[in-house]
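Got some structures for you, see below.
First chain A sits with chain B, and in the next complex the same chain sits with chain C.
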Partner chain A sequence: MKLKPNIATSEAGFLFNPATGDSFAANPLAADILARARAGQDAAAIKADILERYDVAPGQLEKDWDDLLAQLRDFNLLA
Partner chain B sequence: MPLPTSRPRLTVAVTGLNATDSPGPGVAVIRALRESPDFELRIIGLSYEALEPGIYLRELVDKTYQLPYPTAGTAALLERLRYIQEQEDVAVLIPNFDAELFNFIKLEAPLRALGIRTFLPTLAQLEARDKLNLPAFGAAHGLRVPASQPLFDIAELPAAAEALGWPLVLKGRYYDAAVVHSLAQAEQAFLRLSGQWGVPLIAQQFVAGQEINIAGLGDGHGRALSAVPMRKLTITDKGKAWAGITLEDEALLALARRFAEATKWRGGFELELLRTAADELVILEINPRFPAWVYLTAAAGQNQPAALLRLALSLPVPVMEGYAVGKMFVRYAWDLITDHTAFQQVAALGEL
Partner chain C sequence: MKQPYERPTLRKLTGGLPGKFGPRAGAPAVETLDGVRVAELVAQFGSPLFIISERQLRRSYQAVQRAFATRYPAVQLAWSYKTNYLNAVCRTFHQEGAWAEVVSGMELEKALLNGVPGPHILFNGPGKRRADLERACEVDAVIHLDNADELHLLLAVAEGRAPRPRVALRVNLDAGLHPQWDRFGFNLENGEAWQALGRVVASGQLELVGLHCHIGTYVLQPAAYATAAAKLAALALRCQRELHTLVHYLDLGGGFPSTNTLKGAYLPATDTVPGIDEYAEAITGALLAAGFAPDERPLLVLEAGRALVDDAGSLIGSVLANKRLADGRRATILDFGVNLLFTSFWYDHHISPARTFSDHTEPTVLYGPLCMNIDQLRASISLPLLAPGDQVVVHKVGAYNMSQWQQFINLRPNVVLLDQAGAVHLIRAAETLEYLQQLEQVPEHLR
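Coming up: the complex of A and B.
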């Protein structure tokens, strides 16, 4: 998961695409995932941490992860 | 940014004071001019109707004079401007309506003889980008524009729809447009638009995509001195921007530069674009003046009206680089309070 370099993110979870003017609000978990990804953490490490901190089955996490990626792709935010 | 305390005084006249829900650019132009670091300005408003809101914005407009409608012709306009110049020492005049530009361009030399400077496109430039000539303009300069054709009679609608497909965009000669999906809708829109703006109307192929506008300033020698792209975030039922945001996109700036270079555009302009799903930029319309949202250019760091003022005075203007991306405007409605005597003075005497 790699955001386009021009996408601005805030600690509060807001994303801004300066090329389209679109703004998005991520929920706290999504914001945390995006911040970790931007900091260079790979997907496996982020997922492992989520499995440790949250009561979620690995299969469900994979499904939700794919949903998040699909949404980010739809919103034209991924590099 | 604080303005220098001692600036030379200058009088500038501006039209387009109709800051309504389909606004003229005058009030935004004046607001930007007021932030000029070069001059302390006396602003003369030039109005056509007694209820144009800018007349009563006394903190922005020092004095207003009514002008004859453009249909009265250049002689009536020159006579009125001669009278105004006897009262005021207008150094620069900035017209802001499409429909009045022809007359002001024709009067460039006589106005200069009166001491009034302008910085306008040539008549050839004005005609070339006219909605009626847009397909030829696009072809001549290698710019992508939708197919369109003029409509002089309601009976021409079926053939236009056959050629351009549904939905169809019907546009007034100068202002207003409607997207229609059937012959019945098209006939209704034709009657409304032709009743308001006359014929010909323009039937334009509908293009789906994201609407983007660029406000720009050409130096008349092929350079775009400024270009600021904006995406509308909220539009009125007339399609006018009620909120917008500046964008960062090199392709948009390159298009504005290409337009200025190809046309040697002189003065303010607005490109109305669509970005298609295939990422193509299509020019829907070229407005030969600043847009009503032009204050956003000043707020974002490229004060286009103040730069045009310098150009009109033959002062140097460097190419402006960089602007604040993500700078937004949100328009609002405000009830100006005035007195009936002020209104009567405008309506009866033509000045306030």
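Coming up: the complex of A and C.
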């Protein structure tokens, strides 16, 4: 998961694409994932940390992870 | 202790023009119905599950009765069986004082089994068979004549019968609505109704007791009822004057809306639908001004259905799965579809989550579980981040769903009544495969 380098993000979950003018709101978990990804953590480490902290089954997280990737792809935010 | 999980999601922000209504809040959770926890209901009776609130049934009935009876001296409600003919629902309304309005031989028998006296059953419907008419005569129900063939069939049935069958004439008329409902009854403006009335009275075999009209369904213009009431009253006065027959009651039918929002409506129905008092004012105002002598004012009969029962019904369902459609929209598959929620073809039903979520919502398409493309419950609704197993509550589903539901792909679920003391009663058990197959027969060579 690697965002395009020009995408601006904030801690509160606001994303802005200066190339298109589109802006997005990420919920807290999505904002956390994107911040970690931008900081260079790999997917396995991020997921392990989420499983440690949140009440979620691994299968559900995998499904939701794929869905987040699909959204990022759909919104043209991935590098 | 781990934190509660809510799936990661993004929402594209769209600008647009500022709305005068301010930002739209997410759907608040509905965790209890009449004080009973949704989770407990599901644990005991499964999902999906229909719930009827007895308190709301009675409250709605009393509101309609009060709206009319405080404006006109003689008012009678006749519960429209086809709207929801579960016996517990019918009996609640009969306890409140409702007569029965039925539209088939089957409904006639149900009303009798529910203890309604024959003379308090109004038999409408465009498709009465000879056996239905004979049975209605036998129990002294009032037959609302729909067409000339039915009139002549009833004359044949009535021959030599005493006492004479009591009838009302169904009249269709121009109340200013478009399209005009001319399917039921005899037309007023072209003289057909007057001709039929003449034949009824001249036959000497039938007793004309009422006039009836039903101008439409989910009618949003109270003024149309005023027009209909004035025309029906004028016809009754003409019967009195020229046929020397006193019409005992005028039945203005039903068609009063509930506060479900019609598909395509710009604003929610709670903001736009006239209150029942506006309909009462229109109808009773027209009748009081019609020119009846004070001691000869006809009984006003109303066949309310939706307005009495819609608000009292809820449907609990569960999320089976989430998926993303090809264009990126979120889709959620629920465990009930259009087979149970028939009215989703008409309404954008109000749907609430049954537990509290964060404020993050996502535009979602709601589908049912049927393997049919038409099985869409909401084309777009803003809902929190529901996960499989989460429950939702669909509000105001009391009208038509529990009579027009289908055993299709899935079986029909439990229906429970929440009584006024908070007790839960199973009033229709979930169907089983055995129930589904009990009327089937397999030919010998296929066994």
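Here is the rule we go by: the second predicted complex is superposed on the first by the 79 of 79 C-alpha atoms of A that agree within 3 Å, B and C clash if a C-alpha of one lies under 4 Å from a C-alpha of the other, contacts with A are read in each partner's own complex, and residues count from 1 in each chain.
Methods note: a contact is a pair of C-beta atoms (placed from the backbone, for glycine too) under 8 Å apart; a residue touches a chain by one contact, two chains touch by 3 or more.
All values derive from a computational prediction rather than experimental measurement.
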item	value
Room on chain A for both chain B and chain C (clash or fit)	fit
Contacts of A:Ser10 with chain B and chain C, given as first, second, both or neither	neither
Touching partner for A:Val56 - first (chain B), second (chain C), both, neither	second
Partner chain(s) touched by A:Ala25 [first = chain B, second = chain C, both, neither]	second
Partner, of chain C and chain B, that touches more residues belonging to chain A	C
Apex chain A: angle to the C-alpha centres of chain B and chain C, given in degrees as a multiple of 10	80
Which superposed partner A:Asn76 touches (first chain B, second chain C, both, neither)	neither
After fitting on chain A: smallest Cα gap, chain B-chain C, Å	5
In the complex, chain B residues that touch chain A	210, 231, 233, 244-249, 325-326
In the complex, chain C residues that touch chain A	2-13, 322, 324, 328, 358, 360, 385, 387-388
For the chain A and chain B complex, residues of the former touching the latter	6, 8, 16, 18-21
Chain C-touching residues of chain A, taken from the complex the two chains share	15, 22-30, 32-33, 53-56, 60, 64-65, 67-68, 70-72, 74-75
